[in-house]
Amino acid sequence: MIIVVKKSAAEEQLQELCAYLHAQDLRTEISRGDAVTLVGVVGDSSCVDADRLLAWDIVETVKRISEPFQKTGRHKHPGDTVVEIAGVKLGGGHFAMIAGPCSVESREQILSVAQAVKAAGAKILRGGAYKPRSSPYDFQGLQEEGLALLLEAGKACALPVCAEIVSAAHLKEFEAVDLIQIGARNMQNFELLKEIARTGKPVLLKRGFSATLKELLMAAEYLMSGGCEQVVLCERGIRSFETQTRNTLDLSAVPALHELSHLPVVVDPSHATGAARYVPPMALAAAAAGADGLMIEVHNNPRFALSDASQALTPERFARLVCAVERVRAAAAEDGERG
Amino acid sequence: MIIVVKKSAAEEQLQELCAYLHAQDLRTEISRGDAVTLVGVVGDSSCVDADRLLAWDIVETVKRISEPFQKTGRHKHPGDTVVEIAGVKLGGGHFAMIAGPCSVESREQILSVAQAVKAAGAKILRGGAYKPRSSPYDFQGLQEEGLALLLEAGKACALPVCAEIVSAAHLKEFEAVDLIQIGARNMQNFELLKEIARTGKPVLLKRGFSATLKELLMAAEYLMSGGCEQVVLCERGIRSFETQTRNTLDLSAVPALHELSHLPVVVDPSHATGAARYVPPMALAAAAAGADGLMIEVHNNPRFALSDASQALTPERFARLVCAVERVRAAAAEDGERG
Amino acid sequence: MIIVVKKSAAEEQLQELCAYLHAQDLRTEISRGDAVTLVGVVGDSSCVDADRLLAWDIVETVKRISEPFQKTGRHKHPGDTVVEIAGVKLGGGHFAMIAGPCSVESREQILSVAQAVKAAGAKILRGGAYKPRSSPYDFQGLQEEGLALLLEAGKACALPVCAEIVSAAHLKEFEAVDLIQIGARNMQNFELLKEIARTGKPVLLKRGFSATLKELLMAAEYLMSGGCEQVVLCERGIRSFETQTRNTLDLSAVPALHELSHLPVVVDPSHATGAARYVPPMALAAAAAGADGLMIEVHNNPRFALSDASQALTPERFARLVCAVERVRAAAAEDGERG
Amino acid sequence: MIIVVKKSAAEEQLQELCAYLHAQDLRTEISRGDAVTLVGVVGDSSCVDADRLLAWDIVETVKRISEPFQKTGRHKHPGDTVVEIAGVKLGGGHFAMIAGPCSVESREQILSVAQAVKAAGAKILRGGAYKPRSSPYDFQGLQEEGLALLLEAGKACALPVCAEIVSAAHLKEFEAVDLIQIGARNMQNFELLKEIARTGKPVLLKRGFSATLKELLMAAEYLMSGGCEQVVLCERGIRSFETQTRNTLDLSAVPALHELSHLPVVVDPSHATGAARYVPPMALAAAAAGADGLMIEVHNNPRFALSDASQALTPERFARLVCAVERVRAAAAEDGERG
């Protein structure tokens, strides 16, 4: 951390600032320039709140040099983390398709979709039981019953299941869920993160609509520092001014997260685009960019889906996509360097 | 709701679509044009999920005409709602300053700030006990102890108190809190909204970083449809590409929310700008735009604040601001029409 | 176009509105509902300014049904346009790599890069002579001399050249340029668009930092309606709140533009990411998403590049990328449907 | 400027980097830390392209300390600049209303609006003759004729005039225009900026839809370094995800620009909001925030305006607003510190 101190600062004020830092077990190195004085802060400054320093009158600005990603950062953990979900591996060269309906709607529906995505090559079954919807008047999911049906379908098809949790009060119900999803709207619901971390279960953490990659990693720090070692990051589109797609899929997040962190990165093109016809090209693009997995919505009868109807693929389209994704991954992998 | 049907649709398909709508107790009026066919949907279409209609092959697009704000919308409730917080009124011409430190740090600090803001004219005391911080390594608030100190300070100074809740598990502790704040990161934490709604207590709902005004109102619908009639909306800056300020304060939200809804609108320039020097001009601007209240961070010693240090005003600066806000409100009010 | 008229409108006012539309050679169809009255506008309403209608007191809102892309829209031109640049084809299945340095810096530099990218498989040579730079104190390009050197290098290597134009006053100089680039900052410099359109030369039109896809197509309408039939659209990243990459590459633009328009779509991952290490994964992703070409910055000695130094690939890295792009395109193409 | 060099850098590489900087007349101060080595760059580093430094393998990151606003920055010019437009002053405590129609439409229209806004207290008449429109099929302005009519109306009412220029080819026509406007879409049309700068005339420079405040100041640097001393900055709304207003008016730009620069700042709430009913509250808010002027669209018959019809005020509403703005300015001014 470098603190840029105003030229107008009195020596006494500068010493007061240094004393404040020394009290936090940090060393300081002062370098006086023509226009400003620099105070280099040596030691573990990750706990220093830059914001508090800015409240000192003599401080012009504060520049962090190292990023404070103690658990999620690649600098302390150079190798890729491989997350294992009931035997299915993600990361470090392992790739998996996560597929299923937006919402679990009935036994027939979830069983039929589960069989279809299994046959097509999906490795994990997804399905929403508790749905966070913008409007209180929209379908909120089958809840407890939906979760039971999802688990039943997963068992029937021998697929691990992934479901979104919306409240720590449901944790008991989620005990049999193999991969707990934290949705975009809850990425910074830190109390939920802390509670889930304690379970030690694998977690898929979706990036918030307007979260920076660094905020996503800080949210993952809550999970990792709280006891959860198995975190999968998920890019699902960010909010921009463009309205042609529901969100703007930020695929640069894939190489950028791989650079900053050792955690696997999954992409969800279904929620990002909000339109089934854009899902296959974006899924292939994500695979080419180096994603460790894809999360795709599949519905046996999209027209009658109870939520996010317009973005689900039919099982047939999904099966064709799985093959194309495999080919694209193979083609891209030979490029040598990791995305 | 108007459904635009593709020219290529067969009569049979069109009838199938209409039958689907009739089954939902809606009437349809078909109007055939040269390029497209329009299906006007008559009846309460607020429960129809536009997204599901888009999954029909023959549907080109769906246009909503009325907005589905059943409780928060002004169309069904033309007069302004006046929210009353332990005797302090907000909305419908009533204005209040909510002020206090970002975090409660000690008995001395909160008592001293409470006395200072009371003397300066604040009507409600704010103070964070549970702090949602981006990093797990940052100060998370004094929690239970902080809340007790805030309540003590409020009592000592005869000021109602406002504090942010981050988990429904804390609801019991918040029983004595007069105005429960839901922070920007939890605006779409629907489970929290539902639980708080049940208490029937007054709520201050902050707009999410990247929430549209309609999403803010839909979040307020969760509160109102769940039993909370006393909702105060709060604009606190949205996320944009500009980095000179922490967020971009969207003051147009004030007249726009007043137009769409009957609920009072408060502005928080402290979190929006992230810089104490920008707080006074933005506070005055908010008052001029017609805000029903302001939420301002005040600290007796900003330099040593444990969170958001750079954005707090000193009590002296705050006192001067309160006077200026009053003058500006009076000057703007004569313009006749409400913002 | 559908005009939603307020319930409160008097019959007389409604008739006045219809008369206003009839005077513009449009027919109207009125449909009275419980809450609102709809006026369907039949005929070519692409010239009606929706904004003017909103200024009528009785008008609640205006919904356009057809998009006004008369020349660029796919609805009137279902087949893909193939743009031909001195023998090199782009679009309709034809793919080309456009490569070269950000700026032409010297005869040696541009010749050496031209030979290297030609050998690696590039089909068009790019190089900036007039550089639009945010700061007037930054290197502005070699200008006239730079353009001459670029043309010389193109000739020597038998590569068509692409260069950015920044002023219509330079059009004479650009006569020998095969593909004229309009940069992101000039996408809505309509006077420049009109002047260039008159030359009838092939144009590469970059999307503005904050332009929607519809605005990009409207800018292309300026070119096409002005006489230029050979327009290549280019996605180069949009502005978002994320700062890890210079811009946010919006790859959904590829399938979305292909859906809306018949024009070829090229992607520039170099400017989008601003970092050489992110260029290969994003280039592969763009190829997988169905791009008709890529524009990549290559420099023989990135460290000493006079502009955008941190984003250029070395010729060796570029050569490896060209092969990977070919493999990925082949792998993605078999997916059947066009991106 | 501080260059953060990777720990892994060899001494030899570090020396090579320093030699490169010394060759640019800069001094370097090396400070070795545990994790990184810092190179402080002493001297005028405003011409050093940080981007080029990032292309060195050993460079981790580059931090600028001083901002490179040589002409527009307040650090070298602490007092406010007062721009004088044919006798009307803006900045340094001088405030002016600029008002008129979006487009000049006819002699009657512009004369009638000019008289009305003059009577209401406007100090400068605005009117568009050349209109940059997103669609080539929309009304493009009366052009040469429109400019003549505007000048005639200005003369008749003894009001200086402000008109937008869209091409340097029109500069001769604009000789009699008192304040030349550069629109948002042309803020980074650097060739236009350079040509206009040469005239030395007062310029009103609008912020681009997605331009940061620093980019706006860099665009103003093009004007000032090219010979134009009389620059007025104009905030007119930025692009965000919110769709309730046409753009998001960023009023924090007022205090932020006043802090960074000595130039006057004008606010245009008409284009920012796109809705006449939001213009008065936003105009008052801008005045309260410390704006040096306002630019407001006024039309004698908004319903029949040929462009931006929905955002114009009637002359009566404008007159009432002028009085309220005065009252609000007076009320806010007493707050002591400048916004």
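Details
Going by the order they are written in, the chains are A, B, C and D; count residues from 1 in each one.
Here is the rule we use: a residue touches a chain if its C-beta (ideal position, glycine included) is under 8 Å from a C-beta of that chain, and two chains touch if they have at least 3 such contacts.
Note that the structure is a prediction, hence the values are computed from the model and not measured.
The set of chains in contact with subunit B as well as subunit C comprises A, D.
With every chain reduced to the mean of its CA atoms, the largest distance from subunit C is reached by B. Subunit B has its Cα centroid 26 Å from the Cα centroid of subunit A. Centre to centre, using the average C-alpha position, subunit B and subunit D are separated by 31 Å.
Counting partners per residue, subunit C has 210, 239-241, 243 as the residues that reach two or more other chains.
Against subunit A, the residues of subunit C that register as touching in their complex are 210, 212-214, 238, 240-245, 248-256, 259-260, 272-273, 277-278, 280-282, 284-290, 320-321, 324, 327-328, 330-332, 334-337, 339. Within the complex formed with subunit B, the subunit C residues making contact are 2, 4, 29, 31, 33-36, 38, 40, 42, 60-61, 63, 65-66, 239-241, 243. Within the complex, the subunit C residues that touch subunit D are 46-47, 49, 51-57, 68, 70, 132-139, 166-169, 185-186, 188-192, 208-210, 215, 218-219, 221-222, 225-226, 239, 276, 302-310, 312.
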